[in-house]
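Step one of this worksheet: look at the structure below.
Note that the chains take the letters A, B, C, D and E in the order they are written out, and that residue 1 is the start of every chain.
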Amino acid sequence: MSRKATSGHAATSLFNRKHLKQVVRKKPGGVPGTPVHTGAKRVEDIQMIVHDFDEDFYEAIPITKIEKSEPYLTSKSKTWIQVNGLHDVDKLKSVWEYFSLHPLVQEDIVSTTQRPKTELYPDHMYMVLRLITDKQTADGPVDLHTEQISIVLGTNYVLSFQETDEPVFAPILKRLEMSTTRLRRYGTDYLAYALIDAVVDHYFNALDHIGESIEQTEDLIISGDTDRQIQRIHSLRHDLVFFRKSVWSLRDALNSLIRDDVPLISPEVKLFIRDVYDHASQAIDSIETNREMVSGLYEMYMSTLSNRMNEVMKVLTMIATIFIPLTFIAGIYGMNFNTDMSPYNMPELNWQYGYPFSIALMAAVTLGLIYFFRRKKWL
Amino acid sequence: MSRKATSGHAATSLFNRKHLKQVVRKKPGGVPGTPVHTGAKRVEDIQMIVHDFDEDFYEAIPITKIEKSEPYLTSKSKTWIQVNGLHDVDKLKSVWEYFSLHPLVQEDIVSTTQRPKTELYPDHMYMVLRLITDKQTADGPVDLHTEQISIVLGTNYVLSFQETDEPVFAPILKRLEMSTTRLRRYGTDYLAYALIDAVVDHYFNALDHIGESIEQTEDLIISGDTDRQIQRIHSLRHDLVFFRKSVWSLRDALNSLIRDDVPLISPEVKLFIRDVYDHASQAIDSIETNREMVSGLYEMYMSTLSNRMNEVMKVLTMIATIFIPLTFIAGIYGMNFNTDMSPYNMPELNWQYGYPFSIALMAAVTLGLIYFFRRKKWL
Amino acid sequence: MSRKATSGHAATSLFNRKHLKQVVRKKPGGVPGTPVHTGAKRVEDIQMIVHDFDEDFYEAIPITKIEKSEPYLTSKSKTWIQVNGLHDVDKLKSVWEYFSLHPLVQEDIVSTTQRPKTELYPDHMYMVLRLITDKQTADGPVDLHTEQISIVLGTNYVLSFQETDEPVFAPILKRLEMSTTRLRRYGTDYLAYALIDAVVDHYFNALDHIGESIEQTEDLIISGDTDRQIQRIHSLRHDLVFFRKSVWSLRDALNSLIRDDVPLISPEVKLFIRDVYDHASQAIDSIETNREMVSGLYEMYMSTLSNRMNEVMKVLTMIATIFIPLTFIAGIYGMNFNTDMSPYNMPELNWQYGYPFSIALMAAVTLGLIYFFRRKKWL
Amino acid sequence: MSRKATSGHAATSLFNRKHLKQVVRKKPGGVPGTPVHTGAKRVEDIQMIVHDFDEDFYEAIPITKIEKSEPYLTSKSKTWIQVNGLHDVDKLKSVWEYFSLHPLVQEDIVSTTQRPKTELYPDHMYMVLRLITDKQTADGPVDLHTEQISIVLGTNYVLSFQETDEPVFAPILKRLEMSTTRLRRYGTDYLAYALIDAVVDHYFNALDHIGESIEQTEDLIISGDTDRQIQRIHSLRHDLVFFRKSVWSLRDALNSLIRDDVPLISPEVKLFIRDVYDHASQAIDSIETNREMVSGLYEMYMSTLSNRMNEVMKVLTMIATIFIPLTFIAGIYGMNFNTDMSPYNMPELNWQYGYPFSIALMAAVTLGLIYFFRRKKWL
Amino acid sequence: MSRKATSGHAATSLFNRKHLKQVVRKKPGGVPGTPVHTGAKRVEDIQMIVHDFDEDFYEAIPITKIEKSEPYLTSKSKTWIQVNGLHDVDKLKSVWEYFSLHPLVQEDIVSTTQRPKTELYPDHMYMVLRLITDKQTADGPVDLHTEQISIVLGTNYVLSFQETDEPVFAPILKRLEMSTTRLRRYGTDYLAYALIDAVVDHYFNALDHIGESIEQTEDLIISGDTDRQIQRIHSLRHDLVFFRKSVWSLRDALNSLIRDDVPLISPEVKLFIRDVYDHASQAIDSIETNREMVSGLYEMYMSTLSNRMNEVMKVLTMIATIFIPLTFIAGIYGMNFNTDMSPYNMPELNWQYGYPFSIALMAAVTLGLIYFFRRKKWL
């Protein structure tokens, strides 16, 4: 499964692809519901932070053992436990068992190539999302960053699991600190919505980035730089297919939240979910538009190649068409027929103006051909 | 996000693209329902005009503060408050709060890249539309103009929000002045319908314009002018994708108005909404036809390139094929074999009719090749 | 909106396109339900003919004023009022008002770019259809003819409106004259069905005509005549898209007649409507097949161009590849090295068989290359 | 409507197309439900065979008049009347009227371009199918054979109508002769099922044949034989579109039999119908796969053409690139500058090793170019 | 139906295609529900193994006659009878009749080109699946292996039928040996689920393999090795179409298990089935992505060919364009005009610096052309 670094689209893709490859795969026929972490280790240690809040207070407490969250969960306040890092299944298992999550949910949380979906269980709701965003890389160019985010919504708690410790939810933390926000007033369902909304909002940054990349490629092709553009086109298409897959599944998942009777989500919050649904639709529209543009890029690329070929051929044809007859005339008068033997043998050679005559003949041919090319609009 | 002005389709697009770019984007994870104006400032000051009317009167009153509309709203007459310009969120906020619009509606009104949709709230209905029309530009060519239009329908009032002060609804104002029109007799739902109808009617002008542009491109390609046509094709496709997205969403929104139980819309007006729905369908048909034609343009373009290449190659081949053998013959008789050494060495050079013989040989070759080309139908 | 007569597909389209262009367009924001005739004037004067019939009699009475039809409509017999020509809106208005048709129906009847649809009103049903048929033109070739036909079905009357006085319904008139036909025995719903059926039957003639045109183009491309074929392909595609749009909408309209509860249509007649529905489906199948064939034509065209290019290049390559080395050999022995200065300088020139040797050398090269081409299967 | 025999795909199609052309077409506006035979006469005389059977006996009686079947129909046994040949509408009319078939059914039976469908009438069910199978032609190659088959299912009888006397149902006759088969035990609905099943089973033979044809074409293209392949591809596509249309409609028809409440078909037989439905789905899968393969063939064809062009051009380029410089060198030393006038005028001509030097120079150029081509991997 | 081994995609397909060809086909019109083994013999003798287990024990007993399983089936324990090999229909018939399977089920088990489906019968459920996995071949490269697997689920037993004795279910056997697994605790429905899950899990290995093959092809095309790549692309497309067909049908079958009321499957196990459904969806997503990539490969391939052609032509054009004028100049001074006859006849030949002048002229032309190519960015 190893692959040379120089290979095609991987080298030009906007995605940092090494985190998309599944590192481990569950053995066929293996026990279902067995959590096996299938991605790469992307954070040193698993971090757990308890965010406890209510209308009148907010507190963030880093914990090392899930049991430490007990007092917050049993109190009347709302509690969000944020878990960053998925590589240490044993540690995660303690969390899952504390909340008695279904074995299939456990498996999905750490299997990092899930398609977005919602699943309802008697006492909790599970949602898996794919975060896609742009990220300034250390060495310069902006890259697309992707990771899987799982959200578990219970009656008075929310669990969130993400692969890295990227501050994806930083703005939400800030809003939690402000006492007047809906986030503090509404229930945990609104918090879950806010997390989903943050993930969807990130899509637009990523899409802007892809859009720019398409325009750059377009400009390069038009300016005649066709080198490696086909690979860029190929990568863009690949990235968009990946993107589309993620957002489309997410929209379906959101739709099922709106339509189905989900007791954990209040009608007021459903209005907000409908709004995220609209944003996801907007993202899909944008992806589809971009896909059309990428198809157009290929056509543009091929026509640029064809045009260039035409130009090359026209130059060759003009040069050849002009000089081949001239060379022929020169060849004629380079023949060695013996002018002494007969007056019919190349009398031109002995004419007084033989040479000027031949030059004039050549000039006439050249002018005739140039006229011909003009008429054909090649010149 | 800055882009050179010389870039591909932007330079040839029918749309004035600078108003389509989102100038500001809500920060991911930001508070949902926070109105942030995402477009450009397209009018100096926000204008507010109250249109108060009933079967027996019609009055238009420009106001500067929303509170001034109080008397009109509390009277039994029907009231339409037209708001032009979206850049001053504070001023708009006073309007929204006066009518206690849902925060998500507030956000959508000023976020000018919404996809068309309808949303029902307990006491009002919100609809967002995209206006697309053709517009004579100051410096000559006709351009496509686009802006977002929001309509809020309450029991006895209609609010309309648009980005510019384009007189999109001028004909409606004229009809309001006439006492016999349905507009004066029917309720505010009919006014809302009339606004939607005006927006949809504008699509056909824009489509006529696109259609003409397609035909022009087609004519240019056929007449052999392939310069920059691929970019025109690319832009046309992009414009149509954008158009399609807008109309398709609008049709869905209209469909939900027809099917769902919307108490604010009376059955008589539903008949009219069904008619706009049909118009939107007609626009979609027309867009799809145009999209097919644009695909055809690309094929036509590629075949024109191929044809031209074929023609160039045929000229080259004919010239080369005729002259290369002739030059060879001339080359033969230009060899310097010593005719004195042996009678086998180029005796032709000393023939009496050597030169005429060689010319005749060349003529024979030429005629043979011309015959060959005729048979192949190249001449 | 004016267009040169030499433009692309219009010149090669099977449709007489001038009747498809909308001559007038309703102003955006104009009063909905205002009838404006949008097509060209295609008949001198509007003709109105009353066909009054029952099981035991049939009478056709041309009238000039709609009031003249009063006695027929009030009698127990069934009445069909056939109106040919749509340009005189005032005259039509008298008819519409006599039957108190809904303003939107009035608008649709004269707006001649409607998509086929059915609309149910409390006391009548409105259906708009697009007639497409082939028509022998005065100056020879068969052309496609299209016009909009509207049918209004009331309890004891049928109104039909068409743009021209083409005898589209002539066979129905003949059947009305025969006393034993279902047409005389059944109600007005069967007459409406018969009119629809006649329109659908005409599609197949038009499709036969398009099919023949496709086969002709195919034959021409195969026989190597690629001149203007791309425009023919483009036109065929356009015509089929137009056709498809019309029939697809019609089928939807028929489907709604079958499924919905339409009190004006009896169950026996519904069986017949189901049959027209099947015919429309057959027409759609045929259109789709033709569309696939047209796509195939383009591929065939491009491969013909490629093939021809290959052939041209092969000829060039063979000629050049054979003669260039020969010319080189001749060039060698045309060099002027001084054979007197040294025995190393071109001793061949003084050989007894130098010339035959050089000719033999050339012959050997030629044979070698011919062998090479044979092996490559170019000869 | 006549067409040259040499025309495109008709000449290479696997279908014997002359039986697919509609010979006669119902006049537009003609009486619906009027049976007009639209195909060719494909059998001498119409044959009618009564198959009377029950659990304990089976008898086949050829009859000439439909009245002769009276005793079998009135008895308690099950009766199948097989009618071969559709050209003699008068004779068929006697059959139809004997069973009082609906006029639309009568029309469909003889109109041989029907799309497969099922229609339910109060006392009988009508189904029309398209048989497609491969058939050994007299003069060698296997051909595709197609005809329309109609089945009418009543409570205790089955009528089958086919265009020719092909022994399509021969295996069913054999099974009828055996006393233990379900065919004898079950009702007429099972017989109708068996007829449908036989038709569907034939599809797979035809599909095998098309599959082989695709593989042959593929092999020919790969082996470089591109002559006429584009027409074969075109024909294959056409044949598959035709095939698809037939099977897709059939599957819909079968689906309606399964879903709808059809009193004439018992639940046990429905299980079997579901099985034919699965077979039809399998046929559709296979058709779609073949269609994808045919699309692939075109791509393969075009890339073969491109590849060949590349090869031709490479040969030309190499020959030209090597010899043009050599010829130039020879040309240099063929110049006639007077060496006597000045020591600067071509002193090489008088060098002792001038000629060897020039040959060496040429050899060096040749080797350099060969090295260049090697590096470019052209050799 | 025999085919040369050298034929197109078969030679490059990842599938071992000989097992996909149907060896025998049921005769059209043959008795439905007659089991005919349509595949190749892929195992020596049919093996039957009884797996009897319950929460507290597990036993595996190879048997030769189905009657031997009687004691296990009548006991309270759960029983899985695994049958490997399908070629001996007589032996299988004894099994089927022992369990009184419906004739259509019998037919489907041995007809090895079934599309995946579920069928419900009063006392058992039948499911047919297609296993696709990668398999190390004896002689090196990894191959795709496919076979049909049938599962019959009764109240206390599961039957599985597979074509070969591949240890597809080996991990399940291992899990059966462990006493704590759900497999031992839950009912036979969970075992059936486990078998399905194992089949679906195998898809991902196969997809990884196809994905790698795509990337390899991509790398080869980019590195310029276009030899035989079109056939690889063609095969990949074919393999993916085959794959898609299988997984898509499977997903439909699983969906019907989830939606429909299937008494044999308990609600707890339905949760697990929903999980396999999600996996199948993931596989479909992956297949679709791969299909897009393969389309991209073709485009990449064609553009590589075009690019290469462009490069070849550029070299030819440059060489020709530079040397043709030079050769012409040399030709001029190789003319034999008699300088003695007139001072106008090629006086250059007698100039002192004639030769250097001509060389300088040539150098100037060369430099001019090089400058021209630079400006065109060809060098």
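What we mean here is this: a contact is a pair of C-beta atoms (placed from the backbone, for glycine too) under 8 Å apart; a residue touches a chain by one contact, two chains touch by 3 or more.
All values reported here derive from a predicted model rather than from experimental measurement.
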By that same contact rule, can you tell me which chains touch chain B and chain E alike? A
For chain B versus chain C, which are copies of one sequence, does the interface use mostly the same residue numbers on each side, meaning over half shared, or is it different? different
Let me have the rounded angstrom distance from the C-alpha centre of chain A over to the C-alpha centre of chain C, please. 42
Nearest whole angstrom, what separates the Cα centre of chain A from the Cα centre of chain B? 26
In chain D, residues with contacts to at least two other chains: 302, 306, 309, 313, 316, 320, 324, 327, 331, 334-336, 346
If every chain is a node and every touching pair an edge, decide which shape results: line, ring, star, complete or other. ring
Could you read off the chains around the ring in order, chain B leading and chain C following? B, C, D, E, A
Per the touch rule, the chain C residues reaching chain D in their complex are 133, 168-172, 175, 181-182, 193-194, 197-198, 201-202, 204-205, 208, 212, 215, 218-219, 221-222, 271-272, 274-275, 278, 281-282, 285, 288-289, 292-293, 296, 299-300, 302-304, 306-307, 309-310, 313-314, 316-317, 320-321, 324-325, 327-328, 331-332, 334-338, 341-342, 344-346, 376-378
Please give the residue numbers of chain E that touch chain D in the complex, ascending. 1, 3-4, 6-10, 25-33, 102, 104, 113-115, 117, 119, 224, 226, 230-231, 233-234, 237-238, 241-242, 245, 249, 298, 301-302, 305-306, 308-309, 311-313, 315-316, 319-320, 323-324, 326-327, 330-331, 333-336, 339, 346, 348-356, 358
